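What follows is a group of structures, each given as structure tokens.
Below are two complexes that have chain A in common, paired first with chain B and then with chain C.
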Partner chain A sequence: MASYSRRILPCFWKTTKLLTFEDSARRVPCRYHQELLPTRNYLLPETVEEHRKSELSKHPELPPSITSENVPADFRFVYPEFLPDPQYDRRDSIRERLEREDMYRRRAVIDIPEFYVGSIMAVTVSDQYSPNKENRFVGICIDRGGVGLRAFFILRNVVDGQGIEIMYEMYNPTLQSIQVLKLEKRVDDKLYYLRDAPQEYSTFPFDMDPIPVPKGSTVPVNKMKVQLNPRPWLERWERQDLQGVEDLKLEQRFYDKAAKVAKPWEKYDLMKWYRENTNEEERDSIMQEVHQRKRLTDIEKSKRKTKLAERKR
Partner chain B sequence: MLRFPYRARPRKMSRQRLPEEGIIVGQEGRLQRLRQLVTGLVRYERIETVYQHCDETRGYAERLIHTAIRNGDQHQHTMEMADYWLNEKDLIYKLFDVLVPRYQNYSSAFTNIYRTPIVYPGRGTEMGILELKGNPWPDVLPKQRDNRYVISNVLLQAARKDYNTSKESRKTKNELNSSSENSET
Partner chain C sequence: MAAPRIGNVLCRISNCNFTSVLLEKINYSRSSTCLLQIRHRQAFPPAAWYVKRKTTDLDENLTKENEEFLDDVMKDVYRKRLDRVFSPLEDGPWKRNEYNRYTRRTGVLAIKIGVVPQWTKEGKRFTTTMLQIIDNHVIRYTPPEKFMKSAGWKPWWGNKYGVAVVGALSTNPRIYTKEYNNLFMESGVPPKKKLTRFLITENAAVQPGTPLNAMHYRVGDVVDCSAKTKDYGFQGVVKRWGMKGMPKSHGVTKTHRRMGTTAGGKFKGGIWKGKKMPGLMGNRWRTARGLKIWRVNTKYNVLYVTGQNVPGNTHGFVRVMDTKLPLRKPAPDNPPPMPTWYPEDATEPIEEEYFDKDLFQFTEESVKFAEGKK
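Moving on to the complex of A and B:
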């Protein structure tokens, strides 16, 4: 037995550094490695499916299974945060479902409108330190991301000559209202290059009036091209294939290097796309659920409105 | 949705020597090699290489067929993918005219993968076989003959059953005898 224990942990007395668990696990022979690693709490899909189909799991309070609905094709771009994290070792179907339920409940209370990267938005947050207990910020949405309750968006504006960016979590309970002042898209997915652009491109007045978009019309795409400041920059914009940027006016060696490090084959990597995105079948089923729940909450909201109107009379 | 377990991260594949392009390293070389394998799989419906390469090819081939089934041949992105992944262009017709009708009602994976025994003496690599389901070749695994109802097995089964029943009856008789003896004493 003594020889075995010596073989498992040979490096403890040889190093002065206190080894962590991972360090010691890396040094053990291969046959003990699996046993020493922490086991992941994992259920086989077959077991979960068996349990799902059993009589015990048919709960009377659960909503009925979703019938096929005609979901608009662009629905997933309006509600991207409902799609789960595609990495399967981070996934948990029960947690995802509970999170979605929480999101529906939050959306029943607060109106989270349709918006995209490039839209100009106004957000009001409750703030205990400000004189009227709330804080309003107006800016252009430069990024949007996150999954589930951790979904976020970033607003950018210039206040007193200083660029300001605030990241808001969409389902944060301290958010009082989200308003879209100008609904439009830009040609790029992220607008971080506005940091290296002149300030007039990201300056928006706080008393801006909302510009309504006629109902039924498609979301307009703003094809404006931004002229960036000369180098130095925060990022190497010439390597990022930006569409909404004027000619960068660099020396030829920058473009040569960009062409050298470009990865044009990545768009053909089918499995890379599959690993980084939620697959189509799952996406469709989730979007059907979102569509159905949205319809129900809209009906409830309209009922509430009519009740309020009756009371006022 | 892929209907077989796939790895969370892609495998690194060693550099590839191609006849026209020469040696290509890294991600690009990996995709070039996988393109060859996918083309071979669609052409011959069964290929044999290193097991790890088979496993990597499997995901790409299945994703290609999935997108072809889902989007059809009028979809620009799907046609670009078919054009990239099939080096021999006559196979694009095969993909849409043969493989899509074959697999559109499947509820399982479209491919099978097998490990083959390591040959000794040799390079010592783990070799594998990847095949499309419904191919015209003979099966990789030998078919197990159902010999439950062969006359000799039926007779043996009956004899075994007889033996067990007689054994049980003897056992119960002995128990009854012993209990009666106990009550007498």
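Moving on to the complex of A and C:
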């Protein structure tokens, strides 16, 4: 410690400022040392933003942020795909803006309703290989993900004793309609464990009637617990913190190994959380924009409907 | 560079005076692909035309007010020049030539901002890369005769090409050296963060100070994009060359991700040149050729280009040029804007977005297939 401080002190005395890494690099006597230092061959998003806003450039001004909208508190769970990418090195404000614009346009054409993992849905897509050029599938939503135009959801059902899962892209133009037959949530984020459960848990009739949710009520949470088949399984379910599953009835060694592999500290990892999420201000401004656009498109749609009704008369 | 070197060698061999060698008659051959791998970062002496960019210290003891005043002056000077109006005192706008099959236009220096999916009108999905063109200006044009005498010329380029230097991202001149700022005197634009040069033919010469934007390309054009690939640093053989490694268990010790044998015995005689080994991966110039432009946004100057394989990270600089592929480069009967697009060319008001005729627009109805069609 003493020798370390002795080495640093004269520098303080000479330069009267703390030596940064770059300063110390400059003092190395190698001729081309600067070029040997690791460099970045891309720009940071902050610098790109700076240049976009710079008065020296002729970049168009961004529209002012909307603040007057009264957005419901759980609005962002209804439209999760509008939020920025969880991978922070893929974010870009202009790309997200243009992508959102496309999404609004598509949402004005077809109705993409509110749904969650655990809801039972019916989807119609145009399919050139089916006899009437259309394909309708009913199933339970076991996963939902993706950001922007690549947002998707997965439906699962059992047809003729065979489990079938189909992944649909929400903004794919071949998608004709999405209907929510039963709106509800489950206790887990992903229901992939239905693959290892008895088939009656994921069997739904194709001629199922929609069950309406009374207006103004909150979305019901189905707290059903699934009894899984005995091992072997597709995944080690005991290692995942599943809430919607009955006791797995395994030997103690499985639970011991699961406890050994578990990472309980990850939920306290603030840096990880920070990297995967955006700050509240940005999130709220996006949600306000989505809310405003939704309000406007709803008005337009109702106008169109009244016009059609008048014509029919 | 190469010509004097070869000339000197010839002088030594033939024991004659250097000026007596007729340089024009020497046939230069371009060396074939280099098999040498780069294992460690190498530092070369800077090129002959290199000027130091950043000032060493910005320790001017300015007050905040003075700094703001300097910024205001700087903005005043450059804002006027950004809308370039040719005064009668200057030489007027240069003559615009016609496009022919030998023409090579300048490219633009774009920034890669992300990858998004798009769909065709038949409902087929494909991915596109978005490239944004921010603050692009032509900084300098050097005609072929002058360029041939400069240090940056390579003999296999011949006498066909001049050079256009293009810069992107305007910055504050205070952070740069005087020598670097002087490069921008001719064009009158603020100093740029990044410069590149494009080899262009003489009939595609562009006047310094001309802004370049997304309208330089049309929807349906095909481009080449070259950029530096992602820098992975020093990597092992499994990641760098996709070798298999060895098993994780079953008695394997200390060779799980190693390359195994390097050479065969007997007649093969030791390690061959170009053996795939660990070393620096990425951070090299690579070109993705033949990428079609599907969509152009003129408000934010964004090009949507086929594929997700444009090299480099997001927010990396990408050189976008007309393609070299002979069957897909712009044809003389459908010429692109020469030498670039000017606002006075527009016969109709410019739309915010242009789409390819095969691209699905999100305002359209959903894709439906007809009965008889398959």
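The rule is simple: the second predicted complex is superposed on the first by the 246 of 313 C-alpha atoms of A that agree within 3 Å, B and C clash if a C-alpha of one lies under 4 Å from a C-alpha of the other, contacts with A are read in each partner's own complex, and residues count from 1 in each chain.
What we mean here is this: a contact is a pair of C-beta atoms (placed from the backbone, for glycine too) under 8 Å apart; a residue touches a chain by one contact, two chains touch by 3 or more.
Just so it is clear, the model here is predicted, and its values are computed rather than measured.
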Which partner reaches more residues of chain A (counting touched residues only), chain B or chain C: C
Look at A:E169 in the shared chain and tell me whether it touches chain B only, chain C only, both, or neither; answer first, second, both or neither. second
Contact-wise, after the overlay, does A:Y88 reach chain B, chain C, both or neither (first, second, both, neither)? first
If we overlay the two complexes on their shared chain A, which of chain B and chain C does A:S57 touch? Say first, second, both or neither. second
Dual-contact residues of chain A (chain B, chain C) 89
Chain B - residues contacting chain A, complex: 1-2, 6, 8-10, 27-28, 31, 56, 59-60, 63-64, 67, 70, 80-81, 84-85
Chain A residues touching chain C in their complex are 30-33, 35-36, 38, 40-45, 48, 51-52, 54-60, 89-90, 92, 94-95, 98-99, 102-103, 105-106, 108-110, 126-129, 133, 148-150, 169, 171-176
Per the touch rule, the chain C residues reaching chain A in their complex are 41, 43-45, 75, 78-79, 82, 111, 113-114, 116-119, 123, 125, 130, 132, 134-135, 169-172, 190, 193, 211, 228, 230-231, 233, 283, 297, 299-300, 302, 312-317, 360-371, 373-374
For the chain A and chain B complex, residues of the former touching the latter: 87-89, 263, 265-266, 268-272, 274-275, 279-282
